[in-house]
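Pasting the structures here.
Both complexes below contain chain A, partnered by chain B and then by chain C.
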Partner chain A sequence: MKLSKKVVLLGPFGVGKTSLFRRFVDNEFSEEYKVTLGVQIKKKVVQLPDGRELSMIIWDTEGHSDNVEDTRKSYLLGSHAFIYVFDLTRKETYASLNHDIDYLTKTYPKVVAKVIGNKLDLVNEKEITSQLKEHNIEFDCLTSAKTNKNVQDFFSDLATEITKT
Partner chain B sequence: MEDKDKLKILKDLLLDEEKEFTGSIAEKVEELSKIVYKKEELSHKVDPIIDDKLDEFIEEIPKTLGPTITQTLKEEIKNSQDAVVEALFPIIGKMIKKYIAHEMRLLSENISRKTKSAFSFKNWFRRTKARAQGVTDGELAISDYAKPRLIQIFVIEKNSGILISDYSPLSDGTIDKEMIAGMLTAIKSFVEDAFRGGDQNLELIEYELHTIHIQNFYSYYVAAVISGAYTMMFKEVLEDQIIDFAKNHISNKELQNSTLFTKKLKKYFTDEIV
Partner chain C sequence: MAKQVKNDLYFNPRIQVIKVSNEGIIQETNKTFFDWDIKTSIYEAHPFFEILRTFAEEDTGQEELNFPCIHLEDDQSERICDVSFAFATKDITIVLFDYTQKYKDLNKIAQQRNESVLLAKELELKNKFLLEKEEFKNSFIANINHEIRTPLTSILGFVEVLEKTKLTFEQEELARIIKRESLHLNALIDDMIDLSKIESGTLKILEERFSFQELIKGFETSYSKVAKAQQISFETHVEKGIQEYLIGDRTRVYQILNNLLSNAFKFTEEGKISLSITKNYQRTNKVSLTFKIEDTGIGILEENIPYLFERFTRFDLDKRVSGTGLGLAIVKNLVELLNGEIKVDSIPEKGTVFTIKLPFRFELLKSSPTQKKKKYTLPDTKNKFRVLLVEDEEVTQYLIMKILISKGNFYVDVAMNGEEAINHIERRKYDLILMDLTISKIDGYQATRIIRNNYGDKFISEVPIIGISGKADETERDKCIRSGMDDFITKPFEQEEFIYKITKQIAKKATH
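This part shows the complex of A and B:
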C-alpha cells in the first residue's frame, strides 16, 4: 500500500530551508538567494529500512520574521513532521527557537518536531555546539546544505521515525 | 554770441546726417514694436517662416531622429517586456476573441452547408435534433465538440494535501499527481485563509480551456479536472455524482486503503458524466 507523509520546513528568513529542500530532493545547491513566497512543494520517495517506500511530500514555507506563529496555519495542518531550521551563523535566528518549539509541540502534539542548525560549513562545529549549549538551544542535527553534510541521513532517519507514529 | 550758442550751431552742422539717421531708426523701431505687440501682424510675418521650418523639420525627422527613436523604443521594449505584454494583453485578448468568434461563425456556417448537402440517417437525425432544439446543425456540431469531459479526478486529504486516490479516463499522464495534490491544497488553503471567508471553501479554478471543480467533504475533497464548456447543468450533474459516490460507495475502509479507493473511483467514473 502507498505510504505518504507531509513534512513542513519552518524557520526564519534566510536560514537555508530551500537549500536543504533542494539538496535533499534534487541534490542541488545554489549560492543565489531567492526568497520563498508562500510555499513550494516537492516529493521525494525514500526507501525505508523495512523495504517499504515512503513518499515524503515536503512543504517549504516562506521564512517568518518574528516567530513561527506568523506561518500560515493552514500550511501546518495535517503535517506528520515539522523541521525547524535556524542559521548557525546568525544568533537572531535562534533567539525565539525555544518559544517556537514550545508553541509547535503544544499546538500540534501529535506531530514530530525536529530542530536543525544549518550552514555548518561556515562555523567551527565544536565552538558552535558549546555556544548553543550556553544559549540553552537544543537541536537534533547540524547540517550543511552546501556540502550535503548530514542532510541525507537526517531525512532518512526522519522518514523512519514518522512511519512508526 | 556766447560759446554755448557757437557750440550748438557747430553740433547742428556736424551731426545733421546722424540726426536724420537716428530719426529713421526710431521710426523703424516704433513700426516693429507695433508689429510685435499686435499679435495678428506678428503672426502674419512669422507664421510663414515657422511653417517653412516645421515642414523642413518634419521632412528631416525620419533621417535625423528616426534611428535614435527606433533604437530607444527597441531597448525600452527589450528591457520591459512584462510591462509591454501587460499593456498589450487586453487589446490582443479582445482581438483574438473577435477573431475566434468570427472563425467559429464561419465554421458553423460551413458545417451547416455540408450537413445540408449530405443525406444520411445520421444527418437526418442530427437535423431533427437541431430543429427540436431550435439551433442550426453547425451549432449542434460545435456544442458536441465543446462538450465537457472529465480529464482527471483527484481525492485529496483535506489538511495534509496527501493524495488518497486519483483516476483519469484518458491516460495516466506524466505529471506527479502527489505534487499536484499538495499544490492544489496549498492554493486552496491560501485562498481560504487570505480572504478570511470563515468556513467558505474554494470551489473552482479556471485555467485556459480547463476547469478544476472542487467539492469539499469533511476529511477530504474531490478535485475534478474538466475540459470543454463547464456549464451550470454539467456542474450540477457532476456535484450529484460526486455526492452519490461519497455517500454510497466510500467508507472509512476506502479512505484508509488507496488501492481500494482507486478501484471504486475508476468503476464509478468510467462512464461519461452527462
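This part shows the complex of A and C:
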C-alpha cells in the first residue's frame, strides 16, 4: 500500500500558507494575494531517504483571524503534521502563536507540530531572530516562499519525520 | 439509502451523491458535476478523499462527518463544496453540495477585508524600507562629507600658503586651477549636504532679523565685479518702501538668489542681467516680495523646462559651463520650504526670467542699527600666545601650525587625541585650544566637558576652545556649543576667518 500522510497548513491570514503550498507542490510563486476560503488540498509525492515514496496530502486552510481554535475541527481530523505559519513582518501573526501551539499539542498529542516564520526575504534574518527570541517565539524554520529559501528542505525533513512516527 | 437519495436528489444540479466501499471503490454515483467512473478509486479522484483512508484504517466510531468549503477539481470541473460522509457497515455515502457561487461571493468580502490589512502592512514596510534607505544615504553623505572635507581643507590651505610664495607664471596658473577645482568640489559637497537635509526633512528654516537692503547691496557689489569681467551689464532694482530689515532665513534667501544669479552669469555671454525686487503685498507685519532674475543668455528649450528643477539635470548646452546639476533642485526645494513659489519663463537664445515669491515678516515701528562684524585685536603683550592643537591628521596639523606660526604671535603644541590634550593642559597654560571633534580615545566634545567641569583652576576650565569639524551643519555647531566650546569652525576654512575666530576668542578672554 502507498504511504500517505496528511499535513495541514495553519496560521493567521496573509502569512503565506498558500504561497508555501504552491511553492512546495508546484514550485510556483505569485505576488498577488488571493484569500483562501475553506481548504484546498493537493498531493505531492516525495522520495524518502530510505527510497520509499510518500504521498504528502497537503491541506491549505483558510487563515484564522484570532487564534487557531477558529479553524474547523473537521479539517484537522486524521492529520499527521501541522505546520503553523506566521508572518515575520507582522508581529500580530505571532502574538498568539504560543497559545495556539499549546492548544494543538494538547488537543492532538500524536500529531507533529512545526512552526514556520515566512517572508524571510522581507526582513533581516539576524534582527528578526533576535526579535523572536525576545518575544519567546520558538520556531522550526524561517522560510521565503518567494525565493524558495528553506522551503523544500523543510518539507523533506518533515516527510522523513512523520514517516518515523 | 443511496437509492433513496438517488431518487430524491438525482435532478438537483447542485448535489452529487457517491457511494463507495470501505476500500474506497466507487460503487454508485449520479455524476452531477464530477464524471467519476464506477469501480475506480475515490482516492484517485481527488486527494481530499484520502482522508477516508484514515477512517478505514482506524475505526474512529464516526457515523457522519461534515467538511464545509472544500475546493474540489478534476480535469473538467472545479467546485467549492460542502462534503458529508455517512458511514455504514460496508460502505460510505458521500454527498457533495455545490456552493461554489455562495463561497465565491464570500471570498470577495474576505479578500477585501484581508487585503486592507495586508496593504496597510505593506505600505508600512515600504515606508520603513524607504526611511532606512534615506537614513543610510544621509549618514553616508554626512560621513563621506567629513572624509572629503578633511583632505580638502589641507589642499585649500596649502594652496593659499603656496600662493604667497614666489611662483613662476605657470605655477601661479596651476595653483589657481587647483584652488578653483577644490572650491568647486567644496561647493558640490555643500549642495549634496543641503539636498540630503532637505530630502530628509532635517533642514531647519531659521527666523532671524536681517538687513535685507544690505543683502541686496552685497549682490550688487560682488556681481558687478563679475559683470565687469564678463563685459556685460548688471543692475539691481529694489522697489521703494520695502523694509530695510526683514525677518526670515537670510542664509537660505541668499543661497536661492546667489544660485540663480550665478547661473545667469554662467549662461550669459552678452547683454545684461538684472535682479529686481518688488512688493507683492503687505499686511500688518507680513510682506511678500517678488524677485525677478532676468538674463539675456542662451535660454532654455521649452521641452527642457519641466526637468529644470530635477537633480543632476544638465542639458547639452550646459556642458560649456561647470556646475553640479544640483543648484536648481536646491533652489526649488528651498523656495518651497520658505513657503514661496518659483516659476521660469525662457526663450532660447533670448534669455530667461526666474520669478520667485517669498514671504517675510518685519518688526513694526522699530529701527535697528546695522550689525557689523566686530573687530578684534590680539591683546598687547610681549609674549606669544600658546595654542594647543588637538588634531590627529598630520596634514591638518601641519597646515594649522604653518598658518599660526607664520603669523609670528603663536606657539603651537600638538596633541594627537583627547587623552593627550588633557595631559597637556594639566602641564601647561594655554591661551586657546583648537579641538578637532573626531579625535580618538576621548572625542572633542568629551575632552571639552572634562576641561570645563573637572578643574578648579580657571586657567584650565575657562580656556577658550574652538571646535574644528568637517561637518558643516547647525547640529554640529549646536553640539559644540552645548559641550562647552566657545566657537566652531568648519573645514575647509579661509585663513582670514580662522585667524579672526582665534583672535576674537583670545581678545574676549583677555577682557573677561
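List of remarks:
The rule is short, and it goes like this: the second predicted complex is superposed on the first by the 164 of 165 C-alpha atoms of A that agree within 3 Å, B and C clash if a C-alpha of one lies under 4 Å from a C-alpha of the other, contacts with A are read in each partner's own complex, and residues count from 1 in each chain.
Simple rule for what comes next: contacts are C-beta pairs under 8 Å (C-beta built on N, C-alpha and C of every residue); 3 or more make two chains touch, one makes a residue touch a chain.
Keep in mind that this is a model prediction, so the values were computed, not measured.
In the superposition on chain A, A:T89 contacts chain C only, with no contact to chain B.
In the superposition on chain A, A:E62 contacts chain C only, with no contact to chain B. After overlaying the two complexes on the shared chain, residue contacts for A:G78 are found with chain B and with chain C alike. Applying the stated contact rule after C-alpha superposition, one finds that A:K43 touches each of chain B and chain C. Applying the stated contact rule after C-alpha superposition, one finds that A:G14 touches chain C and leaves chain B untouched. By the document's definition of touching, both partners, chain B and chain C, reach A:K6.
Overlap of the chain B and chain C interfaces on chain A comprises residues 4, 6, 38-39, 41-43, 55, 57, 72, 74-75, 77-78. In the complex of the two chains, the chain A residues touching chain B come out as 1-2, 4-6, 38-39, 41-43, 55, 57, 59, 72-75, 77-80.
Here chain C touches chain A in the complex through residues 46-48, 50-51, 53-55, 60, 65-71, 80, 103, 106-107, 110-111, 114-115, 117-118, 121, 125, going by the rule given at the top. Per the touch definition, chain A reaches chain C in the complex via residues 4, 6, 13-14, 33-35, 37-43, 55, 57, 62-63, 72, 74-75, 77-78, 89-90, 122. Residues 157-163, 176, 178-179, 182-183, 186, 189-190, 192-193, 257-259 of chain B are the ones that touch chain A when the two sit in their complex.
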